[in-house]
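Heads up: the structure comes next, in structure tokens.
For clarity, chains are labelled A, B, C and D in written order, and residue numbers in each chain start from 1.
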Amino acid sequence: MGNSRNTLTLSVIAILFTLATIAGSAVAGNNPVDERWWPSEFGADDQAGAVKYITPEKRVAAAQLVKKGKTATLGMPYYNNMPLVPGRTYALSIPGGGTPTHGPLNWPGQQFDQTFMDELVTAEIGQVGTQWDGLAHPMIRVQGAEGWKDGNYFYNKHRLEDVGSPRGLKKVGTEHVAEIGFFTRGLLIDVAALKGVTRLDKGYAITMADYQAALKAQGVADASQGDVVLFRTGWNSLWKDYNTPPEQRAKDNAEFTSGEPGVSPEVCDHLAARKISMIGSDTWGLEPYDFAKGMPESFAYCHMNLTVRRGISNFENLDMDVLSQEKAYEFLFTWSPLKLVGATGSPGNPVAAW
Amino acid sequence: MGNSRNTLTLSVIAILFTLATIAGSAVAGNNPVDERWWPSEFGADDQAGAVKYITPEKRVAAAQLVKKGKTATLGMPYYNNMPLVPGRTYALSIPGGGTPTHGPLNWPGQQFDQTFMDELVTAEIGQVGTQWDGLAHPMIRVQGAEGWKDGNYFYNKHRLEDVGSPRGLKKVGTEHVAEIGFFTRGLLIDVAALKGVTRLDKGYAITMADYQAALKAQGVADASQGDVVLFRTGWNSLWKDYNTPPEQRAKDNAEFTSGEPGVSPEVCDHLAARKISMIGSDTWGLEPYDFAKGMPESFAYCHMNLTVRRGISNFENLDMDVLSQEKAYEFLFTWSPLKLVGATGSPGNPVAAW
Amino acid sequence: MGNSRNTLTLSVIAILFTLATIAGSAVAGNNPVDERWWPSEFGADDQAGAVKYITPEKRVAAAQLVKKGKTATLGMPYYNNMPLVPGRTYALSIPGGGTPTHGPLNWPGQQFDQTFMDELVTAEIGQVGTQWDGLAHPMIRVQGAEGWKDGNYFYNKHRLEDVGSPRGLKKVGTEHVAEIGFFTRGLLIDVAALKGVTRLDKGYAITMADYQAALKAQGVADASQGDVVLFRTGWNSLWKDYNTPPEQRAKDNAEFTSGEPGVSPEVCDHLAARKISMIGSDTWGLEPYDFAKGMPESFAYCHMNLTVRRGISNFENLDMDVLSQEKAYEFLFTWSPLKLVGATGSPGNPVAAW
Amino acid sequence: MGNSRNTLTLSVIAILFTLATIAGSAVAGNNPVDERWWPSEFGADDQAGAVKYITPEKRVAAAQLVKKGKTATLGMPYYNNMPLVPGRTYALSIPGGGTPTHGPLNWPGQQFDQTFMDELVTAEIGQVGTQWDGLAHPMIRVQGAEGWKDGNYFYNKHRLEDVGSPRGLKKVGTEHVAEIGFFTRGLLIDVAALKGVTRLDKGYAITMADYQAALKAQGVADASQGDVVLFRTGWNSLWKDYNTPPEQRAKDNAEFTSGEPGVSPEVCDHLAARKISMIGSDTWGLEPYDFAKGMPESFAYCHMNLTVRRGISNFENLDMDVLSQEKAYEFLFTWSPLKLVGATGSPGNPVAAW
């Protein structure tokens, strides 16, 4: 009975682990020993990372992209039955017990009082739905490597065993990036439109050729320093219609989490070299997966090489459909994570304007 | 034993109720029977309200306020010991059981694995810390008034008894405003600076004379349609230093929630007439209170007259200290609530740029 | 978008609602107007109900059933992936952030410190897993009936609209029964053994003939005042093996909640007449259902006629397999709900001894 | 900003840590190196501990203590404002959004429907209020000791680093004891009555002389194998009256958690030698503390020497007032923790019968 939780919490992630063990092949450039990834170019004590690539000049230029006065909000709806990585929770309820949450409070001398409603949420609030992976989410675990102290390492070599804490991590928490916020050029790479499909196939890896073809088709220049670069795969079409009846919703959720199209290592390496401030997509995990077909060599490649090594954060489960319809490929991207002290990520609903 | 919860949950709000019952005096203009506040000017079915005052032209003009390329994020930090209205909860923990939350996941052929951390939060997430009161938060309760069906009425006469639901309200939830988002001119009214104080006195009501003096001192024009107008009172100085030791923190939290300076009815009426899209402050409840001195006539006046009657939402517990230091009185304000389906509010960390 | 939660939270209960509307036929004796069910025989103010049927003499006699010194605990395991009525949550995590939850705390002068672990749970704690339905769970809703004030009525005519409260109901909460507790004779009715099956068919209604045949086969007398009567159907065999792999678990959970065998109205009426103190079963909802086949006339019959009308509470998702194997048909049943003030139910793990 | 959580979550436990560091003196017999405390006498793989001291003969004898047919439930009420060790949470709400949690569900052809209420709880459910410390709660942390692998060790040398898991510990979880349950003789040691006080002084350590004087005054024999031994100090009188107004409640809660009377090392050693199955008290932490006076040498002595070393669990925040009033010093104690898989403890409301 004692070891049964292992089975019960077997999840996508656990499946990945199994597959990874089987696969066993090395990925070129993946080995963090090959390069020294700290101290950060922002300093040995830095806890905010690539958001610092955004300069005042970049901000002024980004604001000037707002010509039509149009906006779109890029978050997906959060609701109790939305797709979740197995093991995570999102539960919203409205406290009341058959009454308003607060009140009635008297409005003197009137037949009219004041009452108020609240909502109560329990969730891995920075890791469910539309969510931003902060610098306290992914780690490289090192075991028995020469010259290393064993442990789990965040961005800038902050070690979990040194900064872990039950009520919020002591370093690299979300609040450090949230002090600054993103106000910069956004660049849409609309691969679903390029390929003329509702959604890319599960496991499809977006290549440099795709990336360059999309830039060309869209008539926009390559990413430059401080940009937020967003990939549209159409994968969130499995989630989007939240009037879907429960049985179909359950099927769509299962399909949604069974894999996804995603960004290949070569594209992540390119964007890292361009010094972007953030990457994002309309998928739950950024990289391409098709778990039924086995473990990809590129597993979590971008998480490790962008976020852990370079402090370039990653925004998941975005909705770029309005941008696509409007052919708004360049826009002002503006958003900040919540100042959740010691958290690993943040929910969000960024505003794009053009 | 049965009626003991009454006592236990006795809170600021309950105290208000008691005081209100004692006070008994009417407030001019407060009686919603005096005027017909529905259908909304945005239509009988509207669920989004005054965010719709923001036009494309307004957005373009607001973007042009970004001249220096400076930004500030206006949220306060969220942490387990921050001040809360009594009865509410904010509890963040980091799941792990002595290990990372997820992983290790193998990186093929290496001594380097991948691990991940999550955070788990339980909170009235739209009603704690820096939080935006959506249109599903305040209600006017009507009992025994001629021509009314008894009940609790939100903006645009949506009745709780018709739209209530245990897992999210069926109408006027946060998602409706979050589909649109705020991208507009922000206007700071720095009353603390005007008066030359760290924070205004508890219970101090900001008058029209104060409002006009601040505009003049700051060299900015009166609010115009679609603006977000933010009042700085300095009250959040009681919260801000979150390195405060626990005992002092407990004292500061008690003082923070025992009352606050706030915006007077005449100023709210003026801003309603100017058709602003949102009001905000660095206080927990917008209106002026000093509970030890009794019940103010203006209790919840702005909540009722701006939000319930006009769909003008209200942002609480903001931090405008950087704007004040930088004398950034006019700026691009950009933010959207989370698309929390059926929720009453949203957490937030708006980005101001100038 | 506004009415989508209706669809999303469509659940077993919502399906029942739809079916009920279609069915439309009346159930004899079901109409609470036919009989006056208050004040309770325990007094007009009573909030504890049939637990008061247990007398000191009954307790002494029940203790004398302990002859072999054997015991069984009758709860099922609670784990994150256990079957849940749709819409409910059970999420346990272990706070730590890669470290113990508390500590290290120094043990003076030693290489040995002290550390501690906690668990954090979010759940409808009285309504998930093995759970006891208290008197604040089921209600009869009355609309437009002559001589009634509209509303939702608990046991002893306590009206939700009068006793509702967001942080715990003001009356008939779990604490009232928990002050007393159950210490009485337990009676197992092992219908699965009687029929020689692992589990009864979904929708099977246990009849008086079954009840009497079981008593005879087991060699025990009919229920008497104050007894706790437990029905074993074998339905929890779908849940029990919690080493079940996730995919099979998902299937078993779906089957588990798609219906169940249960107790027929005639048996509940008989037990009510015998003045038992509690009924229980190894099913999630007591009464027989097969939702694919339509709405049963007996829907929630026992909940309404035992609990609301008579204060006889109901224990769900128990595990009587050890009792069955040991042929322990009569035993000392001992348990009390938690003193969860204002709650609707309680988790539990009763101890049976014989 | 990054290290501020340290300050914020500074708690009783953190204070202890500070004091411990200052104190620095060794406690005789405290050093686990002095004795080999594994494998458990119940086997190297045992995960249940001293509950196994209870034999069938013991159970039969315990049942025979029920002569009057009286019972008492020994739990305290759980409510949102009850005293908590700093950093922990208890939040109960009633989902509804102004309506019942479930329903209405139609009762065919009637003006009478069915509706249901739930409660939603977020809490360290096994570590708040009346709570049982299971074998997965306390650990001895070993750092740099010869012959040890560094780490945190539970009962029977189960090492956190091996059995930790974010969704429930893989070993020594609550479910292992909950499979068995406690059904045994209970022994009350009423020290508050012995001393003739409402409550013992904060920091008072109950000595062997006290223990023996209480046995004599009560006319009962010393503890024997399998007993549950409960100490009444009166400390819970600070908690008990939950109609206490909020301000007094806040003061009482502060006093309650600022220290407590408790059981001295010599008494714990004596009870360990008597092979009791569980110890309990009406305090939050068992051992004597007065934090304002400094760190006691006996800090967590019983937790370490009873639970970690011997598998004797510990029940906190019990209420023995009825037992005291009734002079019920010997009784049948019956209770089992919930089968919370992988949890560190359990809430409870044991039934005592005599």
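Basically, contacts are C-beta pairs under 8 Å (C-beta built on N, C-alpha and C of every residue); 3 or more make two chains touch, one makes a residue touch a chain.
These numbers were taken from a predicted model, which means no experiment stands behind them.
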Return the chains shared as contacts by subunit B and subunit D, ordered by label. A, C
Mind checking the centre-to-centre distance between subunit A and subunit C? Centres are C-alpha means, answer in whole Å. 41
Where the CA atoms of subunit C average out and where those of subunit D average out, how many Å apart are those spots? 27
Among the residues of subunit D, which are close enough to touch at least two other chains? 1, 4-5, 8-9, 77, 79-80, 87, 89, 91, 93-100, 102, 117-118, 120, 122, 152, 160, 164-169, 175, 179, 242, 341-342
Building nodes from the protein chains and edges from chain pairs that touch, which of line, ring, star, complete or other describes the result? complete
Partner subunit C, residues of subunit D touching it in the complex: 13, 16-17, 20-21, 23-27, 30-33, 55-60, 63-64, 66-71, 73, 75-80, 88-89, 92-96, 100, 102-127, 130, 136-145, 152, 160, 164-169, 175, 178-183, 242, 295, 297, 299-300, 303-304, 332, 334-345, 347-351, 353
Using the touch definition up top, name the residues of subunit B that touch subunit C in the complex. 1-6, 8-9, 47, 87, 91, 93-100, 117, 120, 122, 165-168, 170-173, 175-176, 179, 341-342
Provide the residue numbers of subunit C that touch subunit A in the complex, in ascending order. 1, 4-5, 7-11, 77, 79-81, 86-87, 89, 91, 95-102, 118, 122, 152, 160-161, 164-169, 242-246, 249, 342
